[in-house]
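Here the structure comes first, spelled out in structure tokens, and everything after it is commentary.
Letters A, B and C mark the chains in the order given here, with residues in each chain numbered from 1 onward.
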Amino acid sequence: MFVKNAWYVGAWSDEIGDSGMLARTLLGEPVLFYRTADGTLAALQDRCCHRGLPLSHGRVQGDCVTCGYHGLTFNRTGACVNVPGQERIPPAAKVPSYLVRESDGMVWIWMGDASQADDALIVSHSFAGNAEWTFLKDRYLVNANYQLITDNLMDLTHVGYVHNRTIGGTPQAHSEAESKTSVTSNGVRVERWMMDSVPPPSYCAVHKFHTPRIDRWMEIDFFAPSIVRIHTGAMDTNTGAREGQRNDALLFWGFNAQTPETETTTHYFWSGARSHVPGRSIGEQRLDSLRITFAEDKEIVEAQQASLDLQPEPLVMIASDAGMMGARRRVAMMLKAEAVSWIQPVVPSKLDEVKA
Amino acid sequence: MFVKNAWYVGAWSDEIGDSGMLARTLLGEPVLFYRTADGTLAALQDRCCHRGLPLSHGRVQGDCVTCGYHGLTFNRTGACVNVPGQERIPPAAKVPSYLVRESDGMVWIWMGDASQADDALIVSHSFAGNAEWTFLKDRYLVNANYQLITDNLMDLTHVGYVHNRTIGGTPQAHSEAESKTSVTSNGVRVERWMMDSVPPPSYCAVHKFHTPRIDRWMEIDFFAPSIVRIHTGAMDTNTGAREGQRNDALLFWGFNAQTPETETTTHYFWSGARSHVPGRSIGEQRLDSLRITFAEDKEIVEAQQASLDLQPEPLVMIASDAGMMGARRRVAMMLKAEAVSWIQPVVPSKLDEVKA
Amino acid sequence: MFVKNAWYVGAWSDEIGDSGMLARTLLGEPVLFYRTADGTLAALQDRCCHRGLPLSHGRVQGDCVTCGYHGLTFNRTGACVNVPGQERIPPAAKVPSYLVRESDGMVWIWMGDASQADDALIVSHSFAGNAEWTFLKDRYLVNANYQLITDNLMDLTHVGYVHNRTIGGTPQAHSEAESKTSVTSNGVRVERWMMDSVPPPSYCAVHKFHTPRIDRWMEIDFFAPSIVRIHTGAMDTNTGAREGQRNDALLFWGFNAQTPETETTTHYFWSGARSHVPGRSIGEQRLDSLRITFAEDKEIVEAQQASLDLQPEPLVMIASDAGMMGARRRVAMMLKAEAVSWIQPVVPSKLDEVKA
């Protein structure tokens, strides 16, 4: 069961070339992305209404897609505009279409009630393409429910254990970090400070610190139901980080979109952007180790999914679960609201009742 | 659910060598084909009644098969004739046997009520082995329900889309063909004429036409529940094809037996026979491109099955579905008749009532 | 459904090195074996109680295991002894632990009610490591229910059919063997004598017989629910085997532990020990052909499982099934006793009632 009335990342923009097609299962539904003659994106259910063949076996012609089995043609709204060999088009001949937007190099899709879609809800991530920063992105198909990835990101005490060979540093630094969790308009925010801590090897490899210990911070924003944006940084200790001073800081912005493919598989779109380090060439700014870091997370959540498949209960909560539990409550509230909306319209003032 | 009282193609004759065995799942049941001492075929359920081991792990001895686990021996009727180490054979010790016939290079099997079997219902295809024709055959294991393959064959407007790189020609020629569908004693016939049309590349490669456009015809016979025989041809346009003139025609006879393995997998036995083209050597008569053509169909129906698994409904009918719908109605009628026969004997005069 | 109150072989001792871990699913449950600081074995459920990650993704530290996700630490009893970042340990924070023993080079595990565990029930097999004998062992993961392997071992008439290329000899010799089945305190015993029989090729390859025919014996002991110990031997015919004379005999001791992984997969621990043949070097004592013999059994029971998955019924019993049926009755009785024990304590005198 997925939240339908929300923007999800369906693809990186550059995955869909000119006049190209991209077939991908999202939220359990087969989706076909394609570009119309003027280069704008369209998205249809990837299933011909005649005999069920995925439309991705056909081809794009102008603004339309023609099925590769018997040639029925559909426009970007999903209406059938041609049935070979007959004049009359059956009224039921149409396929569902979806709203799509392109923003910050990502393709966003709204698969629920189009009348509730609001472009302002698309989460911005302006650093994609910023020449002052080094940027790396990829998509991992993860064999786990999307919420297990959100859980992972919302509790960064895992960094000292899962990533101890890469970005971790000492586990103590993470578990003893000051942590504050708060509810936001669209989700949950976790703020963490690790003052006067030992820098992890991967930090020292890309940044010149002038003190043996550093101050680190992490701002983790969850936008329900599937986006986590993380702003982290590190500076020489006692040089004003807490007061907002950022000169000569190592900055890292992460953007994570965990879009359900099915209940137990997820398209995990991740990206990382890091401020250029002064005095280094572009070639020295590489972020390739991120591939390893996110693969470490993938391994953990996949093992977790397999274990929970075998035995989902019981689970015990600890203090650092606060962010994760907040995120899960938010998603549960959205699901409940959508279930209720089948009976009556949901108005904002009713959401609290639903939650309660 | 499959029609049981019918002849299905279980194998090509040459798949079962002298004293050899062939194990194959048909209609969801494990079947063992073997040749007895005099070379005639026998077919038993491939499951020893003692501990369930497939008999195909044992070996043929004379007219019998001996199980490879504890040595129980069964004759071609499925009766147990030996239990090692004991004199008495338990009355329940037997395995089901099936009727088998060999005809036109194919092994036919009847897995239902033997008392209803009629050899006259075996569909003939005399061109197998005819030296005046080039012949090619194969078996594809297709990951789709057998009726999706029948559907494919009964609506040849797909040729212009699925096979546009091989035997297709222009889609318009196919969708604008004159088409007539009629019910026959055993199934459905579709006749199609494509007069004055552009010859597809694959036709020109094997035949010398003397006019830039040609007349094409297709006679598609469905024999319920699983056989489709197709006679097609092409000639110089306006040289008498419609009147039955066939001199210097390119003729092609196809035979398709889609035998269910399971509900979602099918043994697709296909063959093609083409008249020799005068003036060409035997080596120039090759039909290898058929492998590609049938692989194109396989790809389509497998994608269709996966799509329908995800979402079977809704589907919209169009005009060219007439042949396919006729074939499906016929199979549904047979299934209904077999369901009713559990309660009362079905006599021919009752079939119409069942249908109604 | 498995008997829980029993000792199962969980591993060969040498599979778990110093400070190493071994993760293995047993009886459908994930188990983590590890050695504590002093080298003794411990076994925990391989599932952290916090977020479900298998503990085998973490690491051993002293007598404890630390989870590889957020660092919770458990001791050998399964009690949580540390939660990073918080003082208080939630009372529910614990994982199940299991009793383990090491004996004859095997790791034994008791996964049921610890209060009912009795070390005296561990089956001994003292030949492991005896320098006078040649010893070979391995573990096969078999895609079949564990009882199908027991069945195989309890009816050795299969040897003439399944192993006719290796240890078989003539099928007649096996099916005509004198056979006696009796119930023992813990299971079932089958004794078999094959007097004056033709020696199989594999026997002649490793032993010098002085007569063209030999006397063979087989003592098969089933210890419910999962152990089969087999003592076999062969001697020159008419030299006193029946009277207990064993000088210059070929002796073979087999030990088979079929531990369920799931309902349809089994960890099959097998070993064979053979008396050294006088006059041969150690290098000539090899038992490598056992790998082939047990692989032949694996192939049979896997084919049987697949066949029974398709159609479990009917099965017909024959005379040589006596040992197998006795073993199955014993396991059924244990299962019934455990089911009853949920309602009332089972005392030994009640077991007969349960059986009846």
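Some points to look at:
One rule holds for everything that comes next: contacts are C-beta pairs under 8 Å (C-beta built on N, C-alpha and C of every residue); 3 or more make two chains touch, one makes a residue touch a chain.
As the structure is a prediction and not an experimental result, all values here were calculated from the model.
Fitting chain A to chain C on C-alpha positions gives a rotation angle of 120 degrees, to the nearest 5. Interface residue usage between chain B and chain C, two copies of one sequence, is largely distinct: under half of the residue numbers at the contact are used by both copies.
Here the CA centre of chain B is 49 Å from the CA centre of chain C.
For chain C, residues touching at least two other chains: there are none. For chain C in complex with chain B, the touching residues are 151, 155, 157-158, 160-162, 171-172, 174-176, 299-300, 303-304, 307-308, 310-312, 314-320. Per the touch definition, chain B reaches chain C in the complex via residues 28, 30, 46-47, 49-54, 57-58, 66-72, 83-86, 90, 92-93.
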